[in-house]
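Just dropping this structure here.
Order of writing sets the labels: A, B, C, D and E. Residues in every chain begin at 1.
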Amino acid sequence: MANVASAPLLQVDAITMIFGGIVAIDNLSLDVKQGQILALMGPNGAGKTTTFHVIAGVHKPTLGCILFQGQDITALRPDARCRAGVARTFQITQPFEQLSVAENIMVGARPYHSSMAELRKASEAYAHKVGLGDKLNTLAKGLSTGQRKRLELARAMATRPKLLLMDEVTGGVDMKSIPGLIDLVKTLRADGLTIVLIEHNMRVINELADEAVFMNRGARMVSGTPHEVATNPAVVELYLGESADHGH
Amino acid sequence: AEVKIGVVGPLTGPAATSGIAMRDAYQFVADEVNAAGGIDLNGEKTTLKLIFEDSASRPEIGVSAAQKLLTRDNVDLLVGDTFASSVTIALMDVAASYGKFVMSGQPVSSEIARKVESDPKRFANFWKASWNSDAYAKAVFEAVEGLTAAGKFSPEGKKIAFVFEDTDYGKSNTEFAVPLFKEAGWSEVGHEAVPLGHSDFYPQLSKLRGAKPDVLVSIFTSVNSGVALTRQIKETGLDSLHVAIYYPLRPEFHQGVGADSEKMLWTPMLYDPVNNEKHKALFDLMESKGVAATGDHAQGYCQFAMLVDNLKRAGTYEPAKLSEAFAQTDFDCYTGRFVYDTANHTPKIGPEFLPVAVAQV
Amino acid sequence: MFKPYTLQSRLCIAGALVLMLALPLITSDPYIMHVMVLVMIFGIFASAWNLVTGFAGLKTFGHHAFFGLGAYGSALLSMNLAISPWITLWLGGLIAAGAGFFIGTPILRIRSMAHVAIVTLGFAEIVRICIANFSSVTRGEMGLWGIPQFEGFTLPFAGPITFSPADKVSFYYLSLVLLLLMLGVIVCLMRSKTGLAMLAMRDGEDAAESLGVNLTRMKLMVFGLSAFIVGIAGAFYAHYLSILTPASVVGLDLMISIIAMVLVGGLGTFTGPLVGALVLTVLIEAMRDLESYRMLGYGLLIVLIVMYLPKGLVTLRERCFPRPQE
Amino acid sequence: MNLAIFLEQILNGLITGSMYALIGSGIALVYGTMKVLNLAHGELYMLGGYFTFFLTVQFGLPPYISIPLAVAIAFALGMLIEKLTIEYLIVRENWAFTTIAATLGLSIVLQNAALLIFGERFNTVPYYVQGVMAIGDIRLPWQRVLIFVVALAVIGLFTWLLKYTRLGWSIRATAQDRDAAQVVGIPVRRVYMICFGLAAALGALAAAMLAPINAISPWAGIPVLLKGFVVVVLGGLGSFPGAIAAGLLLGVVEAIGVQLTSSEWRDVISFTLMIAVIWWRPWGLFGKK
Amino acid sequence: MATDSAKPMLDVQNVNVIYGNYQVLWDVSMQAHAGQVMAVLGPNGSGKSTILKAIMGLTPVRSGKVFLNGEDITNRPAHEMVARGMSMVLERRRLFTGMTVYENVMLGAYHHSVQKYAKDRLEWVESLFPIIAERRDQIAGKMSGGEQQMVAIARALMSKPQLLLMDEPYLGLTPRIVQQIADIIRKVNAEGIAVIFNEQNVKLSFGISSHGYLLESGRVMLSGTGDEMMNSDVIRRVYLGE
């Protein structure tokens, strides 16, 4: 209501994605406003990750288009989208296994530093932020599950995006570190970053998200504040099961 | 005293059969000479010491080998390559810059002779021990003409086809033969180059059956291809006159084809211990020392014996003197008589020199 | 790879450099010089192959096509258009680079390693057959000879420098200069941000792309550059050996020995290809005395090195003096 | 070109193609399952040829005994080679390349060992079946028909084996994830050994069938390897039906290429075809994306 | 509840694991009894996955011993473990990504000693996870993260194990499925099967487990029953960061 004038940063306009016979996304539209944190929820196989793939350019949607900052980016390759300001993490982590943690992050931060020494320093700072400070020179193939998730986040952050897509970043991260990650995301938002996140951890969603969209079978089923979504009877039935308080 | 002779040839790789036979034949001659006390060089009784190096039929390996022989082993003269023309062309330059005498073995490429002619001063001390590639072409052409004249063969359409190995050897032979036949009013209806060692000729034969050549010339160094082609000609019932170049001189050929080689012509009839008494004598000679001689052995034997004879006559391995001796070579051996064409340092061919004979099975 | 050089590695590099520069003073035995020239030609070739395969992760088996194109290109230009070999050397590289872009395009779409290998191998076979078949220009398998030598010149202090088959020392220094030049290009590239992006592409194309690495541009660039370097090596080879045959410069044998060098030396390292080129070239020469057992021993050594030093000879040092984990 | 010749060329191509397919199938098996690009496959083929030659010609055994025997020896040899080399390499992290290097070294070793042991001569084996089949104008020796039949039968058998037997499942599972395969109880080391053995056996069988046509020498494996690779890639890696189809396709294209141009351009045609196919379908004709 | 507490089913004694020259586990010892559900807790990188892999035989043990039912199984190859009644859900799903869902699940009962259960078990896991029947012929690698996790768990259940090792079985699964899996663990546990699992969420862990171990930097910091653990300061400090 407030910012009618400002167009959304990201507009997902009626996309449909079909693999073989499987309809992974079914006519989904999303508007993500500048500075907003949107949570994408839904049961397994709902099409959340696929939505990310489509936004980031890994898959070209069967139908529909993606607008970023008012421009149609549907035809752009993933690398061009990254340069335009879209960064993402992978749910099934994809570190550069033969590179060290610091070097992994350096790949993301490349455009912003001219000297290698500066680049390295900046990257190390990101590693410290996500709690990988003691693993800087470890090859990424030796990272544990939780460490890989953190690396994904650090690498994406290092590209200094305008829009960050986080796919289950806290999955597998130990409980001790989750508050730190939540704070990190909050400071990112305070710096003006727009975020779309996929999470199964309600606590993280409740703390971070301004709005939640619940997907089922590729389509939007419920949306609203996280609380509204989490208390929706259909969501409880389909997603949360008996103990709606799971994760608190 | 001892004279060191470096020999570069293919001891590994697909041409190793010939390279190894050449090595054995050279060593055989050297042993013979040494057993007789050696030869007189520079006024001393001198024995021969052969040092063999592998070229694997590849120029850069051959050049390394020559380089090593010339500098490390400090050989007095060089023979190389014993088989591959391309290696010979490459090491001619190296050897020339060291001012040593060089002889090549079996390589036939006319490019070698051309190179000698292109810079006679530089290659004054290089001599070729085998004829040029055009020799076979002439032999084939004359044989076909001869048969026709004798009424044993009547080419109706005067059509000729070539199936040959896609190497210098196969190509240059074909290149020389085509104009000879064309001039005599023949037309070329098939020109099929196949990779080295190829053995499935059905597509080529099907095509040729459509073209109906009177004469089919096949040129391979790989016996494998020769055997396969000969057999498959029989199987598919192609009835052209088949003229084969080079490969039938390998014993494996006859083992492989058996009776399928009936009626075919082949050249060069370099070595035929069964029918040729001189060849038989050489075979027996080598057999007595446990070497089952093939055509490669025969060539190796005579080429090296010729070199030794020239050394003897020159009385030295000093390049200029030795070259003088080479220019005047008149050496009779089991395979023929070596007399040089001094313009291109190539031995002369013909019935009275080295015969490039054609035979019918 | 992106850390500053340590004192130790600086010393090693300086030592190796001094040794290479001084070698002809210690011995100018033409045979040793010749073998070293071959080592350096193959060293350049191997480093460039390592660039695409070890660093960029594009497993090509067809780089001998570029070697042959560089060699034939430079030789034919200098023979037919009477251009100085000093110039055609670079033109040969450019021809190869052009071909690199050409064959780089189809493999952009291919992600399977074996497919890239076979497509490039097929391309090299096509190049070889074409060179062999267009014999009116290339003289085919008969071999191209009569390739002009580099023109000599006079150096201020050293006096006249000439290039003929007997002047191995001048070829030695020339190839050393080329090697250092090409190696310098590769090292600078790999230690830069582009190099980092390239390694990222090797380890995961999707992730690299999501971090802004333009795969298309990167692949074409590295393919073209590597082809250029290999082309230069080929061109130098042509003027050095002054005989070319399709089988010897575009033959699979050549590619196989380069692959063996890189794998034995250490894939994805700077020194590996050089060490491999040195060791295998010298080894095959040193084993001449084994006569018919030579190739057997050579093959066996490759197998043993790979089995006991799976990351190549360059890891030998770490094997012997393990460093504590940081 | 008239229709009869055209048909005859297709027939020639099919038979050549079946040989390619048989050779390619061994490479496909090892690559498809172990992801090892076996550069020594040509030499396994070559050794298979020698085994056949010795058993058939030197010992005078009838082909129906000598061929299975040669194949069995090759199977054992393949397992031994795997046990001695690949087994150590494949558990290491950079195995994709070390195995290439090792098989490359092996191929040099085997070639030269064969040269030392068997000598450098070319050996041939007599046709296993005599006579020529004549249909109208077309004449084909029964030997070639036999090759065609054997190639199709063997590849059909292997397709079935991989898809439906326990061994097949375990081979495929091991290929995808070694740790996961172990966890479900697959003895991966043995699977690798069997796999390599089977590939060697396939190579030997190809050699045995082709020995009467392609002479056997220490270098017989080299040309075979290249064509085998092309077939494997064209057909989609690890896909047996793909290998058959690609082999046949390649054979036919080559034969028609020979008919239309001349033999010296034959390989250019087939490699261009291959590159075009891969450009168009990077995952091969029959492989999956 | 623990039967015959004198003889543990699984006995891990002073296990050390070293990767290259980085020591991951330091003298880790733990016991599990038949019918017990045991949780392995610890912050990221503390060695939870490593100890499970060491038990299964997927990671070489430098020193120390692992006994199963009194038998020394240290450094035995992993494939033998299936015959001994062990089964494992690997971390990060590790499916046969190029094979179909059906093939993946059936391979869980690959070993000849467990093949006889295959048919019954398949029906059972299909009833637990309907997606397995629905997507029988889909290539496993193309499923969503959570779907893959379900297949991985189903595969591990196929061999009717005595001892089930699960490395982060809940990763990426929706809360409802998590509860379902917790139910399954309870159910199989009631049949006398021991389960060792590794999960970040302590509450979830102790919802079903009787016993737990806390690892930190490769060392066992604490062990005890669920209640003891939940109330311990160490857990709060080290693990929950409270």
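Everything that follows uses one rule, which is that a residue touches a chain if its C-beta (ideal position, glycine included) is under 8 Å from a C-beta of that chain, and two chains touch if they have at least 3 such contacts.
The shown structure was predicted, so the numbers you read here are calculated from the model rather than taken from an experiment.
Chemist: Using C-alpha centroids, which chain lies at the maximum separation from subunit E?
Modeler: Result for the farthest chain: B.
Chemist: Among the chains, which is located farthest from subunit A on the basis of C-alpha centroids?
Modeler: B
Chemist: What whole-Å value do you get for the distance between subunit B and subunit C if each is reduced to the mean of its CA atoms?
Modeler: Subunit B and subunit C have C-alpha centres separated by 36 Å.
Chemist: What whole-number Å value describes the gap between the mean CA coordinates of subunit A and subunit B?
Modeler: 74
Chemist: As a quick test, compute the distance in whole Å between the mean CA positions of subunit B and subunit E.
Modeler: Roughly 74 Å separates the two chain centres.
Chemist: Could you please state the distance in Å, as a whole number, between where the Cα atoms of subunit D are centred and where those of subunit E are centred?
Modeler: Each chain reduced to its C-alpha mean, subunit D and subunit E end up 43 Å apart.
Chemist: Touching two or more other chains, which residues of subunit D qualify?
Modeler: 112, 115, 264, 267
Chemist: Could you list which residues of subunit C touch at least two other chains?
Modeler: Only 132-133, 292, 295 qualify.
Chemist: Where does subunit A touch two or more other chains at once, residue-wise?
Modeler: Within subunit A, no residue touches at least two other chains.
Chemist: Per the contact definition, I'd like the list of subunit B residues that touch subunit D in the complex.
Modeler: Residues 12-14, 16-17, 20, 163, 166, 191-195, 197-200, 202-204, 206-207, 209-210, 222-224, 227-228, 235-237, 252, 255-256.
Chemist: Enumerate the contact residues on subunit C facing subunit B in the complex.
Modeler: Subunit C reaches subunit B through residues 29-31, 34-35, 38, 132-133, 135, 139-143, 145-146, 164-166, 237, 241-243, 245, 247-248, 251, 253, 285, 288, 291-292, 294-295.
Chemist: If you look only at subunit A, which of its residues touch subunit E in the complex?
Modeler: For this pair, the touching residues of subunit A are 19, 22, 42-50, 91-93, 131, 135, 142-147, 150, 168, 171-177, 179, 200, 202, 238-243, 246-247.
Chemist: Sort out for me which residues of subunit C touch subunit A in the complex.
Modeler: 1-2, 4, 191-193, 196-197, 199-200, 202-204, 206-216, 268, 326
Chemist: Quick one: which bits of subunit D touch subunit C in the complex? Just the residue numbers, please.
Modeler: For subunit D paired with subunit C, touching residues are 31, 37, 39, 85, 88-89, 92, 94, 96-98, 100-102, 104-113, 115-116, 222, 226, 229-230, 232-233, 237, 264-265, 267-268, 271-272, 274-275, 278-279, 282-284.
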